[in-house]
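Multiple structures are listed underneath, in structure tokens.
Shared between the two complexes below is chain A, which has chain B as its partner in the first and chain C in the second.
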Partner chain A sequence: MKRAYKYFKKELLSDNNVWNTLSILVSLIIFSPILLIILNITGESNNWLHIKENLLFNYVFSTLYLVIGVGIISTVIGVGCAWFVTYYNFSGRKYIEWLLILPMTIPTYIAAYSYYDILEIFNPFFNWCRVNIGLEETIMIENILIYFIVIMLFSFVLYPYVYLSSKASLTIQGSRAIEAAKTLGIPTNQLLWKVIIPIIRPGIIAGLSLVVMETLNDYAAVEYFGVSTLTIGIFRSWFGMYDMNSAIRLSFFLITFVFIVLAFEKILRKGAKYDGKGGSSTLERIEIRGYKKLPVILFCLTPLLLGFFIPVGRLFSWMLGHNVSMNDFNLLSVTLNTLGISLASSVLIVLIAFFIIFSKNYFNKDSLRKLSHLAILGYSMPGAIIAIGILKLNSTINGFISFMLIGSISGLIFSYVVRFLAVSWQPIDSSMEKLGSNINKASRTLNVSPQKSLIHLNYPILKKSLLIACLIVFIDISKELPLTLILRPFNFDTLSTLTYDLISQAQFFQSSVPSLMIICISLPAIVLINRQVDKGV
Partner chain B sequence: MLQIQGVSKSYGMQNVLRNFSLDIESGEIISVVGSSGSGKTTLLRLISGLEMPDDGQITLKNEIVSGNNNFVRPEDRDCSLVFQDYALFPNMSMRQNIYFGKNSENNKEKIEQLIEITDIESILEKFPHQCSGGEQQRVALVRSLAVNPSLVLMDEPLSNLDQSLKANLALVIRNLLKKFKITAVIVTHDIMDAMEMSDRLIVIDKGEVMQNGISNELYSNPQSKKIALLFGDTNFIPLKMFPDSKNKIFDVDTNKDLISIRPNQFSLYDEDLASGKKVFVGKIESIREVALEYKIKLKCKDLSLKVSLNSQIELSIGQELKLMAP
Partner chain C sequence: MFKKYFKNVIMLVSIISYLAAEINVYTHRHYDSDKILFKKFTDMYGIEVNVIKGSADQLIQRLQSEGKNSPADILLTVDAGRLVRAKNMGLLEAVSSKTLTKNVPEKMRDSENHWFGLSVRARVIAYAKDRIKESQLSTYEDLADPKWRGKIVVRSSNNIYNQSLMASLINENGADNALEWAKSVRKNMARKPRGNDRDQARAVASGVADLAIINTYYLGLLANSSDKADREVAEKLNIFFPNQNGRGTHINVSGAAVTKSSKNKKEAIKFLEFLTDKKNQRIFSEANYEYPLDYNNSKSKIHLKWGRFKADNIDLSILGENNSEAVKIFDLAGWE
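Moving on to the complex of A and B:
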């Protein structure tokens, strides 16, 4: 009690200014949709008994299968590719190293749509099964195959998260460790398992947790293939039954799922961080020539082919081969909508993140440091949960003021802030950490105002990180589907919702145009980010 | 100028400073010496206002800046801090760094003098990454003085520098502080650096003051084995062998009184000078020559001694040696 009293007294005495107050307020507002879900978990629901008895088991286990499958496959691909391009030299390595990030530009739902007819290949096999094995068994085989296809599809477009983080830790920490291991007589074929994997584990786990979050977030791809995950359950409860309380309860299950993943990540990382002291440039790549390089090149090219070139190739062939008319839908206005809202939201998100991170770092107020963690929980939450939280927030604030969050541009932008603040947070915060908190402390002891410090000191130093943060958020928003689908204003389409609508109407060939547009928008941003990251920003 | 009264600070369950008190006169240069984790950097952060004490009070120029439900922000404290890593702003030239502090433009004349004394004119247009550690340190010092503070705080100002730069910079720092009559608190783990720069030393350990005094006093009359060892290697000899000695150390481990005699305080026995001095006789157990000096381990009847002697004489292992204590 005395300790708590002292803590609050100290917090009240220290730096109560507009910077901290505003930052705390903004953090709390951003956290409010998630808080409302947690607070309303016990709300009455007529459909809950039905969901609990008939659907919940399926939702939970489908989600579990998917997450475990995608996690394992994308880790194998991501770490494998990172290992090959970092430690071996083979013809085309430089290009492959760069190309391997391209699947990042393809949202899971577009990858799924581009393989929409994949099941048709297996029709003769299913027919044979029906005749020779039995109907029930065939359905079971079909289900297994669907899970397999979805897991592979997700893995082929999500592996770049693991690839990038593993490559970064291999470059930062691996080379010195390999040199040390070699001098200790560890054979080359044991280096990966005995030395590298344990060292880069934090990097792998960090990338893997992003893969899991993206898998949990997906709605359209799993819907298309008929895999009933918890996210699907939330959508069905809200759109199908208009039962918000059931959606909230399912959201709570998903939140629990996310927290288990986050706790797992923390336990597995055991507090390990990149320390950047490994040295990077000294290790010579091992040259592989002749037939030995074939399996390596094949290993790296397969995910690239299946996760990028085939989907993009098919989309192009649909667009060109089926005379898709641009006039079938208002492509220009939808593209401008997407660019406009993505740009406005990403700039706003980066400004908010920069403001809070600066206040946190400059004033070092403990309560702000703690509360700001709440503001960045959104990225761990699938879009469907945030959408439900915002629907609840909307109904709560409508009791006091007549302001509509739902169906308004401001509401949609707010939902992006809640979901993507963490995405911009990470590069800005880590750059500020790298810079050292002493920079701002020095500025304080020199009696420099926070405004001057922000504009003349922090902004010039962090502007490249701000740009990267802005680009990453921009890409994420331009691809975003579940939030936009639920919260967009009437008659407001983005490229992702247009793609979804066209697919819902089985207009696969027409959907190729907005799908390709999403990829075209993301591509330059990805290239720019990769270039900046290579420069060590 | 600065009064610290009963200040305590803890992080979680770890008490970093306990009931710490200190009084500093205007114009005085104080060094706080202690090992890593002794609480010296926390002390600087508390004085500068970057941290708030859990208990106690800090008064600067007769104004309570921390404690008694008062807290003055670092910006308003009239004290500047020189960081261990210098914390120079990487996007600014050295000149821009120096003139970044509030109202530093008004102290142009003083700043020009500081620049001249510290000999940094030639690097003013360079950026921090283009300068050496010594140059960065001097710029950080000038930057902190450019805002005309009443009190300057320095965190390990010489720790990142080569030995050759240290002595010169220690002198520069001391001369500068004395010339402009600036009160300073310097924290360092190196007592030799502290002796070079300051008027008074305060040795702290585990957040408590162990000894407070001028450097010669601490050197010749350390109050604990730990303080004696801060000045380098020494021999702890039971006080009963030197009953007339005024200086003594109480050893808490053995509950015995000891005195400290440095290896270089012994000399070879000389009958003419030996009167009234304690004589030790023993066999050389090990010997090695370092920079024209023998480092000898001498096995005497009841104790083993570390001795440093001029290497102009011939000595070898097993040889008997007769020495005089100071």
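Moving on to the complex of A and C:
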């Protein structure tokens, strides 16, 4: 107790300043809804025993299969494509290179619905199996096929996260390593395993952790295909058994998954610190010609086709083939709502992240370093659980003053901050570690004020990372569903809530219009991200 | 002069209060029928209808967290169970309206008038015309018979419609029998539960199974779809109302309630009266193929085709009370 008091006295009271205090305060505010959830983990639950005995095993393993499957496939696709477009030259490479990011614009639930009838293709086969092999066996085969399809579906829209992060590390660190390796005489066929993979591993895992979190967050797609993941369990105990405390406990299993991945990243990162001075690759791309380029092009085009062109093509054909009337819903105002709130929130989120990361780096205080981790927990929980936290926070505030956190645009933006701060955190924090640390050390020694350091030194060198962070958050928010659905003000629709609404009515054809619009507004962001990554961060 | 001024003020006040008249609705229903009804209500009474759509469970959670400051006046759900839950949480207001008690049959509203049914949905058996004869079908209980092995499809038990059906079976046959039933039906399934009610209809049409447990209006939506493939699915299926010689077919209501926090109670009650009015009830069946409260006198073409039926007389509040147990029974039976 005494030690804790001493620690806080040292950290918070002595040598205190506005930057540090404000950063801690903001971090704690962002953490507060999450804290309210954590406080409930020991809450009473009549159903926990039932869940533990009958369901937990199944939930954990379904989730595990899904996460491992999606992890492996999206890594193979992401790293493979990044490898080909960085080190090889083939016809169409330039276009393929940026087209490969496109699937990122498609939310998993829209991808799932665009493939809603894929299993029907196999019906004749299953009917045959039922008669000739047996019912139980058929159900088993079908089950395996469902896992396969869901894993593929997720991988083909989520791999861009791995692709982007590994492409960035390949372009900068990989190229220099290859040059060094070549000088040292390591043969070309061993380059990939001996040099490249170990070096870009932190990059891969950074992308992979985003893939895992997106996978864990999905409810609609797994519900539709009947895969009982932990997220399904959360909704089932919350809504089916009216047992929010069990739902919260289950969400902690989800968080464990995320922490395992993140811890893994941290361990790997520790062994690999670079001075990552920017600068583009000077490495010459290897030219592939003739029949040899076919498998390469095929490898890169398959995820693009399955993850983007087929879903988008289907949406288009629904839109055109069924005379969808645009007057049925107010598309323009819904699009403007989405654009406005996504833009405002992503800018705010990046500013908050930049502010905290800068304070943490400039003053190098242990307390802020630790507390700021709390603020980025939001991304490891499913959106629906964050929504519980926000609702709890609202009723807590309401107990003291008559102030409504939810039901307003600002309340919605706050919930986005809680959920998506981590998304902007990663790129900004890693650039700060790489580029900003020394500058800030020097600033302190030379007595350059934090304001000056922030504006004149940190901002210019981190500009690109800030922009990338902002764009990724923008895309995430424009697709966001569970938080928006439950916390929005009256008569406020975004493209994703409109899509959800139409899909709930099984108006697949009408839902194609807002779905396509979500993709459209993310496209400019994608093009910009690609440009920045190319220049090197 | 003063009189004239006074008159102007009164006029202004009345205009403002007219403009300000509005009700705020939290709704789980996302159907075209509601859009038509809400607009008609605004046209008739000049009361704006503001809407937040979401899942009823989350909306109830929101209502609870907002407490007495909640802006919501009305909670609209797609089943009685959630309304019972909201009532038990103390979120709903008892309403005394002669019109409502007249419009809504006793078994389709709360005994203490906390909530009122708006439309009726029946959970029935859809069967493949070419492979199954109506005479082969009888009750929900019969679906557990081994003769249906590999012949049934039904959606996941995550869905409230299945949970309510199970809640009614628990009430009728007891929890132990209900569990045996669920285990046997699970064994009789042609595949693991997945997809929505429409997908079950599609599966029967394409020969995956012979029977599907679905809500009636889904078949109505398929039959009237703009997609040819959907209409073909509906062509191949017939509807069977189970338990006609016994307690009747399982029904549930989509219903609504005035919230305790409502600041526009008068308007909110008017809204419920409007929705349960015979003239407007028609719209539920025309735009969404749901049954009106007076389900056996629906003039809708598709309802006339399906014919009259006897509905289970169960007190709908029981569906809400048994919901949690129903979910556990599904879990124990391995019905995902």
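Descriptive notes on the structure:
In this text, the second predicted complex is superposed on the first by the 435 of 537 C-alpha atoms of A that agree within 3 Å, B and C clash if a C-alpha of one lies under 4 Å from a C-alpha of the other, contacts with A are read in each partner's own complex, and residues count from 1 in each chain.
FYI, a residue touches a chain if its C-beta (ideal position, glycine included) is under 8 Å from a C-beta of that chain, and two chains touch if they have at least 3 such contacts.
In this text the structure is predicted, and so the values were computed from the model without any measurement.
Within the superposed three-chain model, A:L457 lies in touch with chain B and out of touch with chain C [touch as defined at top]. When both complexes are overlaid on chain A, the residue A:G240 reaches chain C alone and has no touch with chain B. Contacts of A:K182 after superposition: neither chain B nor chain C is touched. Taking chain A as the reference chain, the count of touched residues is higher for C when chain B and chain C are set side by side.
Of the two partner chains, chain C is the only one that A:I139 touches; chain B does not reach it.
Looking at the shared chain after the overlay, A:N394 reaches chain C, while chain B stays out of its contact range.
In the superposed model, A:N127 makes contact with chain C only, not with chain B. Within the complex formed with chain A, the residues of chain B that make contact are 48, 50, 52, 54, 69-71, 73-77, 79-81, 83, 85, 87-92, 100-104, 143-144, 147.
In the complex of the two chains, the chain A residues touching chain C come out as 47, 50, 54-55, 116-117, 120, 123, 126-127, 130, 135, 138-139, 142-143, 146, 223-226, 228, 232, 235-236, 238-244, 322-323, 384, 387-388, 391-392, 394-395, 398, 402, 404, 406-407, 485-492, 497, 501, 504-506, 509. Chain C contributes residues 24, 30-32, 50-55, 57-59, 61-62, 64-67, 69, 71, 85, 149-150, 156-158, 163, 189-196, 198-199, 202-203, 206-208, 218, 221, 226-227, 323-324, 326-328, 331-332, 336 to its touches with chain A in the complex.
Looking at the complex, you find that chain A touches chain B at residues 6, 10, 13-15, 364, 435-436, 438-439, 441-449, 456-457, 460-461.
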